[in-house]
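Chain IDs A, B, C, D and E follow the sequence of writing; residue 1 opens each chain.
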Amino acid sequence: MDLVLELQGVSKHYPTHQAVNEISFAVERGAFFALLGPSGCGKTTTLRLVAGFEEATAGDISLNGRSINQLKPYERNVNTVFQNYALFPHLTVRGNVEFGLRQQGADQLAKKVRDVLDLVQLSGKDDRFPAQLSGGERQRVALARSLVLQPDVLLLDEPLAALDPNLRKQVRGELKSLQRRVGTTFLFVTHDQEEALSLSDQIAVMNKGLLEQVGTPEDVYLRPRTRFVAGFLGAVNWIDGIGVRPEATRISRTADGERCISATVRSSVFLGNCFQVETVCRDGQCVVAEVPRLDGSFAPGEPVHLWWDPADELRL
Amino acid sequence: MDLVLELQGVSKHYPTHQAVNEISFAVERGAFFALLGPSGCGKTTTLRLVAGFEEATAGDISLNGRSINQLKPYERNVNTVFQNYALFPHLTVRGNVEFGLRQQGADQLAKKVRDVLDLVQLSGKDDRFPAQLSGGERQRVALARSLVLQPDVLLLDEPLAALDPNLRKQVRGELKSLQRRVGTTFLFVTHDQEEALSLSDQIAVMNKGLLEQVGTPEDVYLRPRTRFVAGFLGAVNWIDGIGVRPEATRISRTADGERCISATVRSSVFLGNCFQVETVCRDGQCVVAEVPRLDGSFAPGEPVHLWWDPADELRL
Amino acid sequence: MKRGLGLYAVAAYAFLHLPLLVLAVFSFNSSRFTIWQGWSLAWYRAALQDGQLGEAAWNSLLIAVASTVLSTVVGTLCAYGLWKRDSKLLSGSLYLSLVTPEIVTGISLLVFFQWIFRFLHVQLGMHTVILAHIAFSLSYVVIVVMARLRTFDASLEEAALDLGATEWQAFRRVTLPVLAPGIAAAALLAFTTSFDDYVITSMVAGVDSETLPMVVYAMARRGANPVLNAISTLIVAVLGSLIVLSERLRES
Amino acid sequence: SRGAVRRLNVFNWSSYVAPNTIPDFEKEFGARVRYAVYESNEEMLARVMSGNSGWDVVFPTNYFIEPMRETGLLAELDHHRLPNLGQLDGPFQSPAWDPGLQWGVPYMWNATGIAYNKKLVPALTAWADLWSPALSGHMTMLDDPVDVFAACLKKLGLRANTRDTGELRRAQHEAIVQKPLLRAYLNAEVRDQLVSGDVLAAQLWSTTAQQAIDASPQIDFVYPREGFAVYPDIAVILRESPRKELAHQLLNYLLRPEVAAAIVVAARTATANGGARAFLPEAIRNNKTLYPSVEVMARAEWSQAATPEIQRLRDRLWTEVKSS
Amino acid sequence: MTQLRRLFLAPAGVIMGVLFLVPLAIMLAYSFLTRGAYGGVTAEVTGDNYQRVFDPLYAAILLRTFVMAGTATLGCLVLGFPLALFISRAGPRKNLYLQLVILPFWTSFLIRTYAWMFLLRDTGLINSALLAAGLVHQPLPLLYNEGAVFVGLVYGYLPFVVLPLYATLERLDKNLLEAAADLGARPWVTLTRVMIPLCAPGFRAGALLVFIPCLGAYLTPDLLGGSKTVMVGNVIQNQFTTARDWPFGSAVSLLLMAIVMVLLMLLIRRGGEKLV
């Protein structure tokens, strides 16, 4: 397989804090790769190490197999879409997109700019200033500005965080399809597991500067290696050491089969596509089951039986 | 039934913009009432009208049956939890909580403060300044500051928006249980339908300054009166004028029954608890089905059959 | 409350503007004294014909322009450098010079010039005045530009580097343009403080560097003098319109 | 700024030359003169103190000669270049502060008396009158320790140039007593306030007083009964001056009787130039303000430089007066 | 970046070093030398200049200066706050009003002082008006007293408090004021308990920007005070002119600097805001 970016034992220690600790992962060319983790876990730092804004304390970063540790940001063929987009307020959309091309002394600026603006569906807005654009449009300008340089890897730091929630879902779809179309490798930082799951081919889960697990969405969600990964990617019921996800926790009025637990419903909350049923077992433990709306709900106080398919147990 | 707050034909017209147009609704005492709508639809304005920060252009607002149109904010027995919490940075937690009580010249300050801080689990942090608190703690201080005055209605403007997503889910639960315990009426503004659904007894859906529908979560989700409400509360497949929610859209490899549509799978995205299966019908229309993970997924290109229970159709 | 504030504001603005207004009105008075005797442009004629005044005005202008240009350039670079990483010594001495009483600054510069002139024989003159003005307007410039930098988003520069610009190009093509309004404001401040300064100038001025404030001071010392009213009015008018103009430019 | 044309920088008291004095000089000597004015010896000294101010000729009052000489600011005069020295009045041929006229040429002289508004009856005659509560708030004294202490000393019947610290202290007491009655300590700017009637009585230099009198018939000037100090202003050449020759030519030019006379007529000053008398119009020659009668002059005391100690004490006492 | 940064800092460093620190150093040196018989300095090292500073006479002057500067500062703050408040509430006209505050101050300090002399004299406009209106029978003594100096200083430095106060009021989160009202605070309470405390940084910056120049003021006391009062500024100036006692003048100057520095430290410590 064709690796475009490789990190080997990369660390970044600030005087006050160890932001990143010996993390290693590899990104395949053309992949949509997500760095997922809670706030403060070192995602941005990792991204900045790749972009060259920070110097690694230890370890090696290589692009297309060549080490780039020594290169300055403007010598690395990677580009960044910043969390706040960092569009140049004094330049028009065109000015922003041209900026990088001019640095390269590229030819046929006009054409390249036109094409990339078409790509992100911003044609016609070339002469607007960033202040005159909506959040979604700004994000697209930021993308265009970087994509037009055809980087080996495009780094995105929470590109959706700045958008209003209603817009976010829509842009998410656009981002995915855009990546498919241009085929550029995306290295993408987020702390929203739903975002990571829905967008990426590969997810690297970070915690406290350490890499916990790398794998496909199914891997990290269904076969988490650590309790942290299991918990961070979705709710889990821990029943005597065994982890079961709410949607895998079956609930029925009649006890069928032997390995099932009896409990009473405490509350049932309507979430639209499903009910979140909170039950309490004999031993007082609280177990949450997610019941598809169509299977109907349960009334508080109802005695119920909980069971699950062993295949759905999370084995760490 | 016992109404604590009533709005009748209330409007707010700014010179440049009609923020709120003749909206009327009533809130029952002790209810958890949500104002749901997209950004800019007039939610905050409505809240500010009730709090008395804005003067209604027309209509009547009454509290406990008495009109409060003429009263100044400090004369109305309602309190507000601001989106950014608006804690007084120069006062400690105690100072913030005491502020309102002092204005009332209330007695046994110390006790009341202690009790309310216990209530929001902040005891021991009385002497911290807002800057020394986490987001979640700040939100609790804002709650305590208002609750200690035992308002007839507590107004909350997107109280969770300022929190980081991981924290949000947890605080959501706390907020709900807190409201149940103190029994105060909550009038709660949000643009996140999941939040509204999971928290409230009643939801008023607003759009462009107009009130579209008022009802229980089930009402607005399952029996939306307008296309806007249907769409804002969740995804909908519109198939020749009939609306069906993805989770109600059944998908199977074998055609059973007559009223079913044949289509081909375009993509299937893993979302953890379910797969989002995107299919295309003959007529090129795109229909999304949400399949519980346990029912397994479908491969792109697979021919499938779509059907649904007429009871699940959304009738506008 | 709102009305009270409004009334107060009217009074405050009267307090701020009446003195100069009166000056302006009486600059058209045909009499020497504060008794109104009818309109006349005599004092303006006198002011404009006074060679010494003209020369002083010209000197003030030269000095203000020169010191403004230099202190703005140096100050902007300095603010940027400090913004990158603070240098206790430099920022400390900048703050200190900002709050040094004018008289002390002036005296110390006078003493300094005398002292070095013992060794290299230079005369007091335009150059010394310009140096002095740079010395005290530098801190203003740094402070103002710094205030602007505090709201400057560092990621803009990183974005420029990321897009292939070198540090210098990033500064030149992104940071400077974004800071432009702040720099303009700083320059304006430097210009007026320089144009206005008497205390320090009077200490380091030489034969050929008498400035407008110095002449004005000498005149004021000689007692009421309508020519002075005329000059004052002219200066207010000219500078005032200059400010308004620059504001317009900034807005557009 | 060196050109073919010779330049000369002259720093003088305000209104101390005639309108055409300088232009004529420029024409005659093909020079370009930069002429600026000051209002007090201190102002002048502060500017030339650095020893590289660029000024060539200044006009300190006689008691500044010694300090300026001692601090090496003055250039010695070359009498061969000053043939007109003979025109000087008798008293100025060999004055106490500079017997050989080595350092400066007496230019104009000036006495401090009292300028007052005629509506005051009885008319003022003595320094003591400036202590009368009746005039409280309408009197000013000069803002200069030398003049104020001189007046106080005279009021006490003592010498203005006293070297006796005890006497100075007594004078200071007088000043402190007087201060509350005063409107302000003002120099030249009092002139207009006299004319406009803001001030009714002011300690003032005779020349400035004369300008006030010219401006308003309401004003009169008196040489106080107790006696008064006389201050000649001396034209000197600064050591730093690289243009000593032209500077001498200016001094010599100013010594010409007709030039001096023209200045007196225009600026209403009292010249040290005896020869000029002949050219003066009757009115001025008999002007009792500018040229007091012999019996008045009998009360005059020529000012002298104070010793550093006295000077220092006086400054301190003065500060005490000011902060009292 | 480092090398570019060094390049950027160099010129300013040189200028501050040569034109600010070195002169101060020379003054420091002078302040330990003795006065020459006729001015200037002689190379005799001594400490009495500093002893003299603490002589009751100068202590009294220092005290008076502080009182005057203090009252002027207070006056500026009291007069400036409502104005700043008005401007911050003025909506679209804000900038115009702000410009109107600054406009008079594009004119020479001297001219402004002169304008006040022009107004306050016995035959000045105010008195003429009062007399004409028959409100008084002889002119009030407005000029040449501490009152006039006070007016002059307040007038001269008002914008220095209005600007920072306006800035803080602008940054002030309107929600905080609404929150106060929401919690039952009447306007007055909101003003005193919330708004003013939150403007503390502005007050601090403003106070500093007024108080320090006032400490050094010497023209205003001369021109408007009729030289009847001395402030430290006058003492310093006098030492370098009439008295020709540079060492003592330097000592006083440096003492003044020291005081200023201490004030600065205190203010930076408290709250730690930057001045501007």
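Details
Quick note on the criterion: contacts are C-beta pairs under 8 Å (C-beta built on N, C-alpha and C of every residue); 3 or more make two chains touch, one makes a residue touch a chain.
Treat the numbers as computed from the prediction; the structure is a model and nothing was measured.
Listing every chain that touches chain A and chain C alike gives an empty result.
Taking the definition of touch as given, a chain qualifies here only if it contacts chain C and chain D alike; those chains are E.
When chain pairs are compared by contacting C-beta pairs, C-E ranks highest.
Note: the chain lying farthest from chain A is D, by mean C-alpha position.
Here the spacing of chain B and chain D, counted between their Cα centres, is 89 Å. Chain B and chain E have centres, each the mean of its CA atoms, that are 54 Å apart.
Chain centres here are Cα averages; for chain A and chain E they lie 56 Å apart. Residues of chain C in contact with at least two other chains: 33-34, 110, 220, 224.
Under the contact definition stated at the top, the residues of chain E that touch 2 or more other chains are 121, 123, 240. Shared interface positions of chain A, defined as residues touching 2 or more other chains, are absent. Every pair of chains meeting the contact definition is listed here: A-B, A-C, B-E, C-D, C-E, D-E. Across the complex, chain D meets chain C through its residues 1, 9, 11, 14, 34, 36-39, 46-47, 49-55, 187-193, 195-196. Chain E meets chain B in the complex at residues 173, 175-176, 178-186, 189, 193-194, 197-198, 200.
Partner chain E is touched in their complex by these residues of chain D: 42-43, 45-46, 49, 66-68, 70-71, 137, 140, 143-145, 179, 182-186, 193, 196-198, 308, 311-312, 315-316, 318-320, 322-323. Of all residues in chain E, those touching chain D in their complex are 35-40, 57, 60-61, 64, 121-123, 139, 141, 143-144, 222, 225-230, 234-235, 238, 240-245. Residue ranges on chain B touching chain E, taken from their complex, read 51-53, 72-74, 79-80, 82, 84, 86-90, 99-100, 103-104, 145-146, 149.
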